[in-house]
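By written order: A, B and C. Residues from 1 in each chain.
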């Protein structure tokens, strides 16, 4: 019974938090700031950025806002991007959705400023081969165009042809990206599920990655920095209220049984 | 019309799934589960077949490596032999490729980034860097104690067993932080459908 | 003995050879090794893709078994699963994933269902918070305390309640937690290296799918 009551209260709280936002101030953390500053520092004619969609449709509400904000920022800066997907087969359709929502086709020319490869199976084998022999496993993009025909990708051979690699991960392949790409000294940034941040911090501390966005908070920070407000910032009030509710439940769970015993 | 139908379907699935927690397990929830499984598997097959066609079949039909690529595709599909009791052993050949390549790549890369680079980073000078000397000292001590916990357990006897306990305390701090960091993820995953519901009901703008 | 050679030993030799070539390629600048390694990785990716397709066969076999058995409360769902699965595959193969209708299917089935499915976890989590009863042991208290601090200090309300919450969380994550995770990473990586070496050298044979595969010596007469 308590499970149903707690669940309904949580659901109502989440709905109310979205309908009546409070607008609490958000502190920007250093890794998010470094990520933003790197994109800001890239010149317009720099090598393309390699972005990887490694989140599922289920995990998209957490990571997708970060990716959307980063892509919008890149478009505003005139940076070229190549989008792949390694961690999940849902990457191809999520990539189509990303291109639609970011409005990239209105500003950029396909094949010249941006290319969508879609899902590449193989996990770590694919990640390694992308770094050493790109065109071996990428013959055509998600729309059936040959890679060798597209101006942006025809000359891409290996890791030297990218200015940075940015995986967006909930599928758990981030470690594989770090293992295979960081030894090549390519600038590495990431956006990951918040629960993975403690596991990922040793890489950041060792200097293997230069910045990251952790979960929806990271996405909200990036939206604030870049000016492209989206669903991440709107979610922060919901996060605050529900976290307070969680602490209240923990305290109530300790006190109520004690009071019942005393009675 | 398709958009309206999509909205109705999405909201219906949301109600079916959430009914498990907000009410109790029921047939609608089971139906939604099986639909999710079928859709996900189907999508995986579609995307995989598309990739095989684009990367191996189409180039082979256009010349170049040609027959080699087609032979490779046939070889890969020998995995299906796994479902036959008599010819199960045939599937070991394509499996051997994945296992051999995967294990070798994992071995060479994890040694560098997860062992060598981490040990190098752990051997930090106490004075210097972006952290205070106390922070650096704490980091080094904790790293050494926790590694020692895993590598030397049989050798802890008597007073040295206190080291085991201290290592466990530090690990509990690490696990607690991981649990605490996970909570926003769970809430974020739910928020996707909550915002969809509110937008569908007209209570929230796009 | 002869059937053991092609059923058991040749796959293990393939793993050994591939292991040696790919590891050597990383350390030696020999063009031939690079070419073979690249070819092997390409083949590995192809096999991986084929595995995704072949997995459906396994699901179909299991579903048909459940339908034949008329498992109560289950068998009709398996009929639905098979019908929907193969309809989806046919639709996707004909239209391709870039088609508007396929994207509509993805959005209103996969996205809707999986976001709702993952969203269920939070209700169980919050029920757990209410039912949580920490033991009066230092380990339990440390774990609970760190979890609560990390939770609250990671959201904007934390900074409102306690100025300095973000800095406290930053210190916790970047000093003690980072040290623990680094130590765990080193130890786990050593375990992974050991497992990879054992598999490449043929000491670990669980991937072959035979009974007693962990035992280094092959017992004559053992069924595989």
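Assume a contact is a pair of C-beta atoms (placed from the backbone, for glycine too) under 8 Å apart; a residue touches a chain by one contact, two chains touch by 3 or more.
This is a predicted model, so every value here is computed, not measured.
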Chain adjacency by touch: line, ring, star, complete or other shape?
-> complete
Min distance from chain CA centroid to global CA centroid: chain B
Taking each chain's centre as its mean C-alpha position, how far apart are subunit B and subunit C in Å?
-> 5
Between subunit A and subunit B, centroid-to-centroid distance (C-alpha), Å = 15
Mind checking the centre-to-centre distance between subunit A and subunit C? Centres are C-alpha means, answer in whole Å.
-> 19
Multi-chain contact residues (two or more partners), subunit B | 18, 21-22, 43-44, 47-48, 50-51, 55, 98, 101-102, 105-106, 110, 114, 118, 121, 174, 177-178, 181, 183-184, 187, 189-190, 192-194
Could you tell me which residues belong to subunit C and also touch two or more other chains?
-> 41, 44, 48-49, 52, 96-97, 102, 106-107, 110-111, 114-115, 117-118, 122-123, 148, 151, 154-155, 173-174, 177-178, 181-182, 185
Contacts with two or more other chains occur in subunit A at residues 3, 7, 58-61, 89-90, 92-93, 118, 120-121, 123, 125, 128, 137, 144, 194, 197-199, 202, 205, 217, 239, 243, 246
Tell me, which parts of subunit B touch subunit C in their complex?
-> 2, 5-6, 9-10, 13-14, 16-18, 20-22, 30-52, 55-56, 72-73, 75-77, 79-80, 82-83, 88-89, 92-108, 110-111, 114-115, 118-119, 121-122, 131, 135, 138-140, 142-147, 150-151, 168-181, 183-184, 186-187, 189-190, 192-194, 196
Can you name the residues of subunit A that touch subunit B in the complex?
-> 3-4, 7-8, 11, 14-15, 18-19, 58-62, 89-90, 92-93, 118-121, 123-125, 128, 137-140, 144, 175-176, 178-180, 182-183, 193-199, 202-203, 205-208, 214-217, 231, 234-235, 238-239, 242-243, 246
Of subunit B, residues touching subunit A in the complex = 18, 21-23, 43-44, 47-48, 50-51, 54-55, 58-59, 98, 101-102, 105-106, 109-110, 112-114, 117-118, 120-121, 174, 177-178, 181-185, 187-195, 197-198, 203-204
Would you tell me which residues of subunit A are touching subunit C in their complex?
-> 2-3, 6-7, 10, 24-27, 29-30, 56-61, 89-90, 92-93, 96-97, 118, 120-123, 125-126, 128-129, 132-133, 136-137, 142-144, 194, 197-199, 201-202, 205, 217, 236-237, 239-241, 243-247, 249-250, 252-254, 257
Residues on subunit C engaged by subunit B in the complex (per definition of touch) = 6-8, 10-12, 14-19, 21-23, 26, 40-41, 43-44, 46-59, 61, 73, 77-78, 80-82, 84-89, 92-93, 96-97, 101-102, 104-125, 138-140, 142-151, 154-155, 171-190, 192-193, 195-197, 199-200, 207-209, 224
